Amino acid sequence: MTTTAHDPAAASALAPELLLRIHDLMVKTRVLEERLITMYKQGDGYFWIGGPGEEAFNVVLGLLTHKGRGPAYDYLHLHYRSAGTLLALGANPVDFLRQMKNIASDPFSGGRNFAGHSVIPEWNVVPITSPIEVQYSIAPGTALAQKRSGGKGITIVQGGDAGTAEGDFATCLVWSSRRGQELPVLMIVTNNHFGISTPFEGQHGETYIADRGKAFGMRTEVIDGNDPENVYAALSRAMDYVRTEKKPFLMEAMVSRLYGHSSASGANYNAGEADCLTRFEAKLQARGLITAEACEQLRAKYTQELLEASKRVREELPPEPETIWNHIFADTDHVGDAARGAAKSEGDR
Amino acid sequence: MATLVQAIRLALHVGETRHGVTDIFGEDVGPPLGGVFTATQGLKTAWNSPLDERGIIGTAMGLAMAGQRPVAEIQFCDYIYNTIDLLKLAGNTLWCSNGAYNMPMVCMTPVGAGIRGSVYHSHSFDATATHIPGWKIVIPSNPRDAYGLLLSAIVDPNPVMYLAPKGLLRAKANGPDERIPGEPDDDRLLSKMIDAPLGDRSQWTPQWPAVEDLFIPIGEARVARRGSHVSVITYGRTLPMAVKAAEELAKEGIDTEVIDLRSLHPYDWPAIVASVKKTHKVLFVNEETEVTNFGEHLIRRTVDELFYELWAAPKLLAGAFVPGIGLADNLEKASVPQLEGIIDAVRTLHRHQP
Amino acid sequence: MATLVQAIRLALHVGETRHGVTDIFGEDVGPPLGGVFTATQGLKTAWNSPLDERGIIGTAMGLAMAGQRPVAEIQFCDYIYNTIDLLKLAGNTLWCSNGAYNMPMVCMTPVGAGIRGSVYHSHSFDATATHIPGWKIVIPSNPRDAYGLLLSAIVDPNPVMYLAPKGLLRAKANGPDERIPGEPDDDRLLSKMIDAPLGDRSQWTPQWPAVEDLFIPIGEARVARRGSHVSVITYGRTLPMAVKAAEELAKEGIDTEVIDLRSLHPYDWPAIVASVKKTHKVLFVNEETEVTNFGEHLIRRTVDELFYELWAAPKLLAGAFVPGIGLADNLEKASVPQLEGIIDAVRTLHRHQP
Amino acid sequence: MTTTAHDPAAASALAPELLLRIHDLMVKTRVLEERLITMYKQGDGYFWIGGPGEEAFNVVLGLLTHKGRGPAYDYLHLHYRSAGTLLALGANPVDFLRQMKNIASDPFSGGRNFAGHSVIPEWNVVPITSPIEVQYSIAPGTALAQKRSGGKGITIVQGGDAGTAEGDFATCLVWSSRRGQELPVLMIVTNNHFGISTPFEGQHGETYIADRGKAFGMRTEVIDGNDPENVYAALSRAMDYVRTEKKPFLMEAMVSRLYGHSSASGANYNAGEADCLTRFEAKLQARGLITAEACEQLRAKYTQELLEASKRVREELPPEPETIWNHIFADTDHVGDAARGAAKSEGDR
């Protein structure tokens, strides 16, 4: 690995409250994903995709993000496995159920988009989109605005391992590392060793994807993304570098894919993969920070809460057919005469 | 009887065993999955590409230049839009090189709505594809056409775009004349022979039935239903919908002719002319967004060449010009043509007195 | 009087000094060149991007999301076709996010033939652009519109595609009402003030004239010439050609109305309706290849809504559906509409007796 | 540099006949480019782009190519500065004048395409196209055919420095280096330090573009492309590796741009750049292999030949307007009924 980041000293540096907070969020995220999968299986949604197996990394990422609106804060260009990050920022898990059920109250897309396609403008979470990797071509734009504004905000862009084969990944490398014009971009590759059914092996000449940053003079690191303490240390270092130096950093985090790719591949638990949550719970229990019983209770609490929420969500209303015409343009919702009228008044300014 | 997606698989098998196909590739096309819609299971030349649509189209072009016969898949046509420059290049290479290099490649991609695929799994591609010169374009609506058009695409010396309507992939032959020559009668048996098993597939090999060659000519439409009052010209997912509409309308005494265009380029203009000269009223239907839509080309040509044959303004029923197809049922239904919409449109045309 | 390309430069200057433009960027857009057509010379926010169209569009999207006001240039629209997925994304972001994020960006790109640009410097982009929902699209044909449409594009809260007809970049105002408010009378003086000198430019700074704000409304057409016999609806490079044709035709007693659409989305349907209701005969002209062409959309809508107003089939004069525009004069002329073609088409329409 | 390749020993390894052959071809290429520029300036063409300043590299590349048709031979995916390579293969310089004059007899495009856009199917020279870098996405296809055929043919793909920012360059890196499925691709970047008006500096985070191959486990080398002897040694090594190992190699050659980007930037001689031809002539003269006078005579001979050819070409006919309909499809030249007929007969096979 580029830098071996598994540093036990760093682990002990985290306060017990923080560790428990991370654990709480990891459980909450896991339970949310499981609820979404159940909803899918019960016919309360057409498609599930999400991040069970990435909680250790994603929760910590959310906790370390400087959240707020505008270039002074961090921009998050995430992917469809990012619920942990968003819950750590403070997102309401019920909103994810609403999107799964594609109802009008889905705050991310009004029933338009698949589960996992969140948007939270208040916290600079730009729309998560289905096309793989395009976020890497967009990220230099928010980073350029941040560099110019002179604040501490950085741009965080995240995607999977297989997607790095798209040219957009290279675009981000090129645009964020131009000498003298480096951009504050934290590029993250969450490597779960698969793109749908296709294993990492056989598709990559790189031993580590992160090595691709080196030719561009970028700092890189490959980490075990299943250990939240390790992630905390590595992400803190990386973010600190990007914030201070205003230069890019490429991090590759090894993670698990606990329920397969998506509902299209069945969404069943894969016992063959390392489970960051059980691993972390064992650690916390060994250190006497939490009991197995308390872990159970926490899980039961969230399970009950989300079960109830899913029932409420089931009663909420679908979007009306004519809402397809909303939000085509910011200044007018309909095309044609109305738009023309709007354009006319614009001319009068 | 094969489903449409099994028909594709059978054609690819025939292609790689009898017609020189060397590579069937794309994202998740090879083992173990054999395609997100099972179209490429068990094929000996199928392989998994990197997740890079530009590489997929580019590599197919290179293979074609080097005398191979590639069939490249773009997993969903929704993800083809970063390759339009390469598709244009594939279509102009013969012309630009004054005949020196051609691109005998097939690009296969699932299109259309109907599976609650939301914004990025519901796209159509016919408007964009028909605007790219140098490509032939086909789109089947039943297993037999799926089979015979794919074989024609494979042996064609030019680049051919093969659009597979997502919503029809599990559709079966609608009567004996939509069957594939040589396919087994028994669906269960066929499935056992050629569908990969669930779970571990590493030891599995398909048992291919002895299907025969069938080349559905590129450029030839099919009259899906004869009628005399109104013509409906369509293709892909809206074809069975139009046939259904015609059946409903027949109950009210409206005799609808339904034409399955099947090839979008070159398309069967004589078939359209013959139908319009008979019915004098024509409706074009497709799923694409309606501004700068291929159906508008067909209307333009109809008006251009058949103005005085028309007893009513030719109509287009197509997708709403909105940025996406929403996931919720209400949204998808409001965005792309539905059965009722076709019935209404034909009824209105029929009622119309010049 | 400014040329069309100087008008663009003046608008960009006004944009960056008075209307918040933060970035004008693309390949060779910054110093020393200031654009392959000089459109961005001397601008304080102009910078050179890497040679990567996907990065250009993507970065503009990110800038727009972060509250900046970018104007991104694609050097020739011929090279925009590897970014169609990103353009679609820019156009659907507001809709997909249910109103949360918009993309107030301008994408500026030279289009069309007329400069013997051969296969890859002669493309049009109106068919593809008009098929992408969520974008406004404008295309000027004279310096005043070039100036006023660009300022409207800059202040528009949505993504706006600004198509600059290559063949008209050096065209000047055709009379005082095509002038930019506040521009110097003297061409030489203007050139001295704002055109970069040949040779070393490192010490050069432009002297900007005190031009005034002008917002040509997006969605509003302009009647370039009033007439009563036949309507010609066009835009961009074929607009002056149509006016010229009208002048020729007037000598034969044919009174042609010429409408400059200027905005392709939203477009001025009432202006088309008014003209067709007057002349009852209409010709649409553009340079794009003619299959799945925006003019076909306009014909479809004309037929749809104005069928009984039409005294002749509406016609389209557009580019030949061939894979490229050839370099040799003969080839270019045979591929895109020419003056004689417009004259002929109008004459035929005029002669036509219903 | 990745590998310093300037090895004087290698230089002396070349036989005098070969050195004189290289020189002859370099002169011929230079004179051809100058003739094309003159034609442009005299109005005998609309646009010039070409490779004066790249002769040392391109001529040697052509000499080392295994030329022929089909996967057993090398495929050449070149760019618009490649006349030297094609002349070294044996192309007729008059054909370049024909394309410049866009006449019907232009064998590359029938008067359709710009100067410098050659195609020679007999020698696997695939069409040179205007869009920058797309050749890098296409090259893996010919290489895959070659690997499969088991012969000695390799795929050579060449482009400029600025163009490496396009995703297609990364596509070639990814597709040619997949572990266990490496492809015989020689990737060449001809680095003239400019993309039109934009200098290398300020656009690149990489010190050497070639370094981008390293993460993919590719062999890489950066060479002085202005010295043909040096180029000969380096290209021989690289090609040998690709042919034998059937693995990719990324070479970056530093070259000059002697007449600016194209006719759009004036096409005037830039004395500030190193001239590989004068440098090589000085060397050959110092070694006593040729005299200054002989050099002059050679140049005068080619100048005269091409001047005369340009006069003949001026008399040749332009393509007929209706030829725009030729070669749209291989099986039929017209769309519509004819194509339909063709399709019908195809159905009968």
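Going in written order, the chains are labelled A, B, C and D, and every chain counts its residues from 1.
Note that a contact is a pair of C-beta atoms (placed from the backbone, for glycine too) under 8 Å apart; a residue touches a chain by one contact, two chains touch by 3 or more.
Since we're looking at a predicted model, the values are computed, not measured.
Asks: Counting C-beta pairs in contact, which chain pair has more, A-B or A-C?
Replies: If we tally the C-beta pairs in contact for A-B and A-C, the bigger total goes to A-C.
Asks: Quick one: which chain's Cα centre is the longest way from chain B's?
Replies: Max centre-to-centre separation from chain B belongs to D.
Asks: For chain A versus chain D, what separation do you get between their C-alpha means, in angstrom?
Replies: About 45 Å, centre to centre.
Asks: If you average the CA atoms of chain C and of chain D, how many Å lie between those two points?
Replies: 36
Asks: Hey, how far is the Cα centre of chain A from the one of chain C, in Å?
Replies: 40
Asks: Among all residues of chain D, which ones touch two or more of the remaining chains?
Replies: 109-110, 112-113, 129, 131, 165-168, 171, 174, 178, 202-203, 328, 335
Asks: Which positions in chain C touch two or more other chains at once?
Replies: 50, 52, 54-55, 79, 82, 85-86, 94-96, 119, 133-134, 265, 321-324 - these are the residues of chain C that touch more than one other chain.
Asks: Quick check: in the complex, which residue numbers of chain B touch chain C?
Replies: 54, 79, 81-86, 88, 91-92, 94-96, 119, 127-128, 130-131, 133-134, 265, 289-297, 299-300, 303-304, 307, 312-316, 321-324
Asks: For the complex, which residues does chain B have touching chain A?
Replies: Chain B reaches chain A through residues 27-28, 30, 32-33, 36, 48, 50-55, 78-79, 82, 116-121, 320-324, 326-331, 333-335.
Asks: Would you tell me which residues of chain C are touching chain A in their complex?
Replies: 22-23, 50, 52, 54-55, 57-68, 70, 85-86, 89, 93-102, 104, 133-134, 136, 152, 155-158, 213, 215-220, 263, 265-266, 268-270
Asks: Could you pull out which chain A residues touch chain B in their complex?
Replies: 46-47, 102-103, 109-114, 129-133, 162-163, 165-167, 195-198, 202-203, 264, 318-325, 328, 335
Asks: If we count contacts the way the header does, which residues on chain D are in touch with chain B in the complex?
Replies: Touching chain B: residues 70-71, 75, 106-110, 112-113, 117, 119-121, 126-127, 129, 131, 134, 136-146, 148, 155, 167-168, 171, 174-175, 178, 326-331, 335-337, 339-340, 342-344, 346-349 of chain D.
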